[in-house]
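Once you scroll down, you'll see the structures, which are given as structure tokens.
In the two complexes that follow, chain A is the common piece, with chain B as its partner first and chain C second.
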Partner chain A sequence: MSSYQEATARQRIAGMLDEGSFEEFLPPQMRLTSPHLPQLDAPVSFDDGVAVGRGTIEGRKVFIAAQEGAFMGGAVGEVHGAKLVGMLRRAVDERADAVLLLLETGGVRLHEANAGLIAVSEVMRAVLDTRAAGIPVIALVGGANGCFGGMGIVARCTNGVVISEESRLAMSGPEVIETAGGVEEFDARDRALVWRVTGGKHRYLLGDAQAIVSDDIRSFRDAALRLADAARGAGTGLTLEALEAEQRMLGSRLERFGELEDPLEIWEALGVDDPHSVPLLETDAFRELAERHREGAAS
Partner chain B sequence: METLRFNFSGGQRRIDGARLVGVVGSGNLEILIERKPLDGACEVEISTAAHGFGPIWEAVVRDFHQRWQLADVHVSINDMGATPAVVSLRLDQAAESITGSISGEAS
Partner chain C sequence: MNWQTVADALFPQGHRIVERNNFLSGEAQVGGQAVTVIGTTAHTPIGVEIALAQATAILDTVRRHPGRPIVIMVDTEGQRLRRRDEMLGINSYMAHLGKCVELARRSGHRIVGLVYDQALSGGFITSGLIADACYALPDATIRVMGLPAMARITKVPLERLEELAVDNPVFAPGAENYRRMGGVAEIWHGELAAALEQAIAQAGPEDRRAELGLERGGRKLSFRVAQAVRTGSDVQAA
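So, the complex of A and B:
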């Protein structure tokens, strides 16, 4: 076991790819740092918080990106976003077998304002273009910061999401919801509640994540390859039928669960006998339980 | 941000390529160590969020140079308030990872 959550972005890449196969695009020596942060007297990072490149996994030609959650919460600035887009476009040009996005991010880097927002929208477009070119794109969400904001949307624009129970996936983060809706609406300090709502188990049960694995780099890698193979078999591109199915799924989710106050009630409505036991289950036992109750994932 | 530059001579150990260690997080720093023709010097360039600690930085990087005796090496640091002990450990990690040696004294 090698913890995914505790590893840095670069350690995650090294643990995913065949040894010595990583070839980094725009490496730190090129010093492509943020032009915005120095204007705010804030520290920069030589890779702007993301490493991108290509390598192999058991002979497959894989393009990969890993966000560093410790640098500005993994937030996407102009350079950071451009590196993601460039990697995705090159994956299309070079006919990659798969693209893996190792996401750990709070979303847009607010310091970079519109440049960051545009960067995230360009990443979304590039993900969909890559899928349309027949290349599966898989998101891996296993960092302590989770995956939030615009990058949460990016994760759901991919062919599949691999998540761990320790990690989280959502649009607005807990503090944002509490600030906007009040503590009665959402208590961001209630960690058990935060994980019930945004954590990997709930995402898997609702069908927002297509695989849940234990906090181990190899487990993430193997699950991502399985999802990539499945996507290639089913067709990687986003279709109108898939979008309509997703819309129906969301509509039915709202209808069935919209009035419920807590994920515990949703799990009960999904037919889980003892919802209180869900947060305590080990990953394997949870997966077994979830197979009988989880929502079918359209992607 | 404050920028500091230090230059040391007299080293003999040369390196190849470049390595990045650490991350720019609170109380942490990243160090990029690279081979660079500098007439045998070891140059350290620091960009730090904590102002006014020049003499402490100088002591820490001077110790590093004494331990490792690097020549034709450029060290770039992006710092977010790391303590001197953390800086020392990261500098050793950078030198260890690029030389493949676990201790400055082992040379």
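So, the complex of A and C:
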């Protein structure tokens, strides 16, 4: 076992790809930094918080990106976003077998907010362009910072999401919601509640993640490959049929769970006998339970 | 700004747009052809219901009116900040809306966004920013967050932010800043109906915003960095 959560962005990449196969685009030696951070006296990073490149996994030509949660929470600025877009375009040019996005991010970087927002939008469109070109794009969410903001939307624009129980996928962070609506709306310090609402198990049960794995780099890799291979077989692009199915799933979710207050009630409505036991289950036991109750997951 | 006033000016040849819980939908005539209109009003936050309603209207257009242009009227204070929406997976509802717009684009629909009042952060990514091109009225507000909130979070004094905001489009609110960065195609000062007709005629599926940002000097690195990564070359000088 090698913890995904505790690894840096480059350690995650190294653990995913065949040994020595990673070739980084615009590596830190190029010293390409954000032009916007210094004027706000904020520190810069030589990779602007994301590593992008290509390599191989068991013979597959894989393009990969990993956001570094330790630098500004993995937030997306102008350079960071452009590196993601450039990698996705190159994956299309070079007919990649798969693209893996190792997302760990709070979303838009506020220090360069407008550029970050447009960049996230460009990443979203580039992901969909890549899928349309026949290349599967898979999102991996396993970092301590989770995947939030606009990048939480991007994750759900991919062919599939692999998540760990420990990680989180959502849009607005609990702190933001608490600031806006008060502690009664969302108590950001109630860790159990935060994990029930945004954590990997809930996402998997709802059908918003297509695989849940233990906090192990190899497990992430294997699950991502399975999703990528399955997507290539089924067709990677958007179709009316798939979006109609997704619309039915999201509509039915609203009807069935829209009046409920807590994920525990949703799990119960899904038929889980003892919803309180869900947070305690090990990943394998949880997956076994979830297979009987989870919602289908179109994308 | 009142959505009906804007709609009357955009669609002088007629429109049948209805508002239901701040969600706009219907059809209108532009240059003699029918278009689908969706949007929001009253700065409404985008929650799971409204995201799904917009997506439903888009898919309905793809099914029933192949090729018909789509106009997105934007007025929102951003994504709804509720625990319930997060519990239900609001990011998936937003992503679904974005994917429906993308499917429409790939099926030959031209898609034009117009920020007629306000556009914020998450509510903008899956509305104006997912269109082929997004336009704005001169008084439109576009931002991720206001400078006072930004000062709190970045710990940079408000006075310093205000000073930098004068000639730096990267974090200060405003439609003009988004235009300089390529996120907004143009700001419409003149007659709206003619501008919309032209926008629909010019709309195309390619994302040229980074190039526009470079041409206009508001986002100097984005296009060059993406190109450098794509071609395996060094970042080209501006």
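We adopt the following convention: the second predicted complex is superposed on the first by the 299 of 299 C-alpha atoms of A that agree within 3 Å, B and C clash if a C-alpha of one lies under 4 Å from a C-alpha of the other, contacts with A are read in each partner's own complex, and residues count from 1 in each chain.
Note that a residue touches a chain if its C-beta (ideal position, glycine included) is under 8 Å from a C-beta of that chain, and two chains touch if they have at least 3 such contacts.
Quick caveat: nothing in here was measured; it's all calculated off a predicted structure.
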Simultaneous placement of chain C and chain B on chain A, clash or fit: fit
First (chain B), second (chain C), both or neither touched by A:Val44: first
Partner chain(s) touched by A:Ala180 [first = chain B, second = chain C, both, neither]: second
Touching partner for A:Thr8 - first (chain B), second (chain C), both, neither: first
First, second, both or neither for A:Lys83, with chain B first and chain C second: second
Chain B versus chain C as contact partner of A:Ala155, first or second or both or neither: second
Which of chain B and chain C A:Leu206 touches, first, second, both or neither: second
Chain C versus chain B, contacts on chain A by residue: C
Touching partner for A:Pro27 - first (chain B), second (chain C), both, neither: first
Touched partner set for A:Ala70, first chain B, second chain C, both or neither: first
Distance of closest approach, chain C and chain B, by C-alpha atoms in Å: 13
Those residues of chain A which chain B touches in one complex and chain C touches in the other: 41-42
Touch list for chain A against partner chain B, complex: 8-10, 27-29, 31, 38, 41-47, 68, 70-71
Contact footprint of chain A on chain B as seen in their complex: 1, 18, 20, 23-25, 28, 30, 32, 34, 47-49, 76, 78-80
Chain C-facing residues of chain A, complex: 25-26, 30, 32, 35-36, 39-42, 52, 78-79, 81-83, 85-87, 89-90, 93, 108, 110-122, 124-126, 128-129, 132, 149-150, 152-157, 169-172, 174, 176-177, 180-181, 185-186, 197-198, 202-203, 206, 208, 237-240, 243-244, 246-247, 250-251, 253-254, 257-258, 260-263, 266
In the complex with chain A, residue positions of chain C that touch it: 48-49, 52, 55-56, 59, 62-63, 79, 81-96, 98-100, 102-103, 106-107, 121-122, 124-126, 129-130, 142-145, 150, 153-154, 156, 160-161, 164, 168-172, 177-178, 181-183, 207, 209-210, 213, 219-232, 234-235
